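Both complexes below contain chain A, partnered by chain B and then by chain C.
Up next, the complex of A and B:
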């Protein structure tokens, strides 16, 4: 509602800031980027996280189980700043490990088409542990009796997964989806550290754009409007998820 | 079941209350911690962990001379001036006002125009002899620029302090190995390019580390091509000037022909040069710390930037203003006088600061030139042909737009005219 540059007195702006939201191409781009990032993040986290959880849940020795669980979860404990710096080295175009093993000379973070997918992969590596642990916990709540009953009824492994495991753990999957989406939608650190939103805004997220507007261009009023958008989007999407959940989440 | 919910809720209330109280206490503490109400003189500067020790020694010297003034200095380690200003303005907006701060050219006009600083004119009149002696020992350009760019109302808010210009650092070993004669003070882009090519062909080392840094890797090329990022009074961006595009293309060709490592990576130019993997990189005084740590001062040389149209270099200098809200202005002035004194400035040069002293006598003395590469004196001489780094108010955003556009060219993602034209549009929206 105001124009304010942090230092001088705020000045009333009415709805100017909100008008600017619609006309500012960079905002639209940031919103699209963030949506792409968040959707890709939810799909990869839940999909691959589920496979990992199933893998770990299968018969394994206790020791291996502990080891694998810790290994998956470990990256999540490392702070984003450290993760981003390490990956920047891995992805370095001249002497990075990624290019070395792929015998390529790809400039991962500077390419307009590859930069966002690359960040999605890095984000996946970093936060998969969290989704994995949630899903694994959900998997462990599935009562063994149900499986046994299904087996007696002649259901094969696929059927048991589809009609027993999934419905029983659907509340967990739902929770993981909501949490992953909210987390991904607020993504900030890897963009700032690894690509600075570049190349040409291809990886700029909403939160990052808010920061740039508020603390680099000193348009605090506009930044506030942007963060309102963030709030509203997350609220709507989460509300939508809750509404749709009635169709598939087993109560 | 009900019981457990109830207790959990009560538990949350209790912890919530404590957390709130704790955060309130933290706010109160923060507000008065750096504020003008404390007994100590509070000074905020931008410094990394590496430089902090140097500053501490300088402060110790000041305390020795003025035991009556307690100095509480605080370094904020940030990588660029834009971020430093954001941090400071956020702090000031939050009510933490230090007495003296260090501000580089990039933010001087911004801080002066927002009415946060106390004019120094009365103090200067009072200590006229000291100031005249200081100004007499300095390149007159610096005084003139300080008047022109660091104030909007004719009052003096800053005394110009140490500065940085840009020159080309080169590895003497690699030039010798490739049989290329070392560059001279007046050399051209063509000679530069052919040196890169010969060194690459004969030794396999990179010729130059092209990058997207506004001050260190963009401006020198623009200025030596007779152009700049903004008009002379910083009111209009000129980033789509054909000469800017030409400079960007020249850099892109260095990357495309593999004479420069690909940008956007983690290439460490100083280390690579000391190890003989890179022949040249641009720098002011600051690479000296790494080069000294690598024990390579004798292996390196410094020459002015190669030219296409004319000699050129960006320049940025430090100012030490007193905040209007400060309650210890006299002590603050004593501290500033110490910083610009012969003693303060030579201590700083000796300790290996990352900037060139403003005093000619110190910049030409042993304390500055010792244990430094051949040609270090060019950094001071560059003042005679340098241009203050164009820094309109929204410095950080402007720097980002300029660097993003240049990056697009260096990586070959976009044609120079398109990328810089787009950046130009962004810049026009920012001034």
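Up next, the complex of A and C:
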């Protein structure tokens, strides 16, 4: 509600900062980017995470199980700063691993269309281990007797998944969805380190824009207005998720 | 047969997942001239430690590691202590407004740290704490999630134990530290692992508050090193990243069981 550069006396601005939000093209772009990132993140994390959890929750040799679980979980332990730096080199157009194995010559992070999807992939690599472990833990709570009973009743594998596994796991899936969305909506680190929000704002996120406004161009009032937007969106979406959850989450 | 095929797909996927980390370590161990070759090498030949020796020439690595460790230890100890005290109060004591205060705290759980960074930055400026490690650990001493998590945990410990201790004339501190916390050990461990890991890997907060190299934590230091390396050998950067990543991975391999249990129970995400 104020114009303030941190040094002079704050000047009351009324709703100026909020008006600027709607008319500032960069803000709109950042909001869209963040939404795209968060939605893609939720879908890919929950979808593939579920497949992975189902894949590991079978009879397999102990060694295989150990390797698979550890391999998918490892990247989650690596600091985002390190992840972003490693992937900058993996994606390097000249000597990176990605182009070599894909036989491509793409400059992933410099392309206005590919940069954001690329960051979604990197985020997936970093965070899937978390989603995977949460979903696996949920899967292990499904009582074997229920599966047995369904089998005796002649339910096939698909039907058993649909009518036994999913309902019992629904609170875990719900939790993972909420947490993934909240986490993804606050994304900041990979954008700052890998693309600086570029090319041309194609990967700038809300938190990153807040940071640039508040700590680089010192428009503190505007940064505060932006962070309120972040808060309101998270509250609304989380509230919606809770409301919708009554329809599908098994209590 | 179908099962074996699925195993193979999962294992191949796992290999792809760790490939970037292997590539990191191999390049960090290579002579600059042998690094980043295509087709990629997966075994350093001959392995050398010279890149690691060059890291301290570019950034005060030991100082940064010390800052990171110091912040992570203070944060973990502080958050565990305040969470235990508050959780005990919210679960075992009766005082007016208890449940109202607790619901306000719960609301704070969904407020992202990014939202609080501007006002806290302004406060830290008043306190002349910007660009000090205090600015990183001070706001982290109270962890709302920790209070919530431990309160749930303490609620599962039978009250008869407290009553028995009260009969013996014990006060609140005695009950908390001698009766309840020893029983809450798995919960404390789970929370501790997570607070520590989150602090060690945190980038956002230190990136905003710290600017002098000798005050920085490792994640921020790595990013600043990227600038310092510039056109120079990237292998040195890779060596530094390896030094940051490897200890956590080794720790994980040792404590894998409690680590996984910690995530599955806390659901916390760095």
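Note that the second predicted complex is superposed on the first by the 250 of 251 C-alpha atoms of A that agree within 3 Å, B and C clash if a C-alpha of one lies under 4 Å from a C-alpha of the other, contacts with A are read in each partner's own complex, and residues count from 1 in each chain.
To be clear about the criterion, a residue touches a chain if its C-beta (ideal position, glycine included) is under 8 Å from a C-beta of that chain, and two chains touch if they have at least 3 such contacts.
Values in this document were obtained by computation on a predicted structure and should not be read as measured data.
**Student:** Where does A:192 make contact in the superposed view: on chain B (first), on chain C (second), on both, or on neither?
**Tutor:** Once the two structures are laid over each other on A, A:192 reaches chain C alone.
**Student:** Just chain B (first), just chain C (second), both, or neither: which does A:110 touch?
**Tutor:** first
**Student:** Could you look at A:89 and tell me whether it touches chain B, chain C, both or neither (first, second, both, neither)?
**Tutor:** Both: A:89 reaches chain B and chain C.
**Student:** Kindly classify A:182 by the partners it touches after superposition: chain B alone (first), chain C alone (second), both, or neither?
**Tutor:** second
**Student:** Quick one: classify A:200 as touching chain B (first), chain C (second), both or neither.
**Tutor:** first
**Student:** Figure out whether A:75 sits in contact with chain B (first) or chain C (second), or with both, or with neither.
**Tutor:** Touch partner of A:75: chain C, not chain B.
**Student:** Just to be sure I read the superposition right, which of the two partners does A:56 touch: chain B = first, chain C = second, or both, or neither?
**Tutor:** second
**Student:** With both complexes superposed on chain A, which partner does A:217 reach: first (chain B), second (chain C), both or neither?
**Tutor:** It touches chain B, and chain C stays clear.
**Student:** Looking at chain A, which partner touches more of its residues: chain C or chain B?
**Tutor:** The partner with more contacted residues on chain A is C.
**Student:** Which residues of chain A are in contact with chain B in one complex and with chain C in the other?
**Tutor:** Common interface on chain A, chain B vs chain C: 6, 89, 95, 215.
**Student:** Going by the contact rule set out above, which residues of chain C touch chain A in the complex?
**Tutor:** 3, 6-7, 9-11, 13-15, 17-21, 23-24, 36-40, 110-115, 117-119, 121-122, 125, 197, 200-204, 207-208, 218-220, 222-223, 226, 234, 237-238, 241, 244-245, 248-249, 252-253, 256, 260, 263-264, 267, 269-270
**Student:** Flag every residue of chain A that touches chain C in the complex, lowest number first.
**Tutor:** Interface residues on chain A, with respect to chain C: 6, 52, 55-56, 58-60, 64, 67-82, 84-87, 89-90, 95, 97, 100, 125, 127, 130, 133-134, 137, 175, 179, 182-183, 185-186, 188-189, 192-193, 207, 210-211, 214-215, 220, 223-224, 227-228, 230-231, 234-235, 238.
**Student:** Give the list of chain B residues in touch with chain A in this complex.
**Tutor:** Answer in residue numbers: 82, 86, 89-90, 92-93, 114-116, 261-267, 393-394, 396-397, 400, 404, 407-408, 411, 413-414, 419, 422, 430.
**Student:** What residues on chain A touch chain B, complex-wise?
**Tutor:** Touching chain B from chain A are residues 5-8, 88-89, 92-96, 105, 107, 109-112, 196-201, 212, 215-218.
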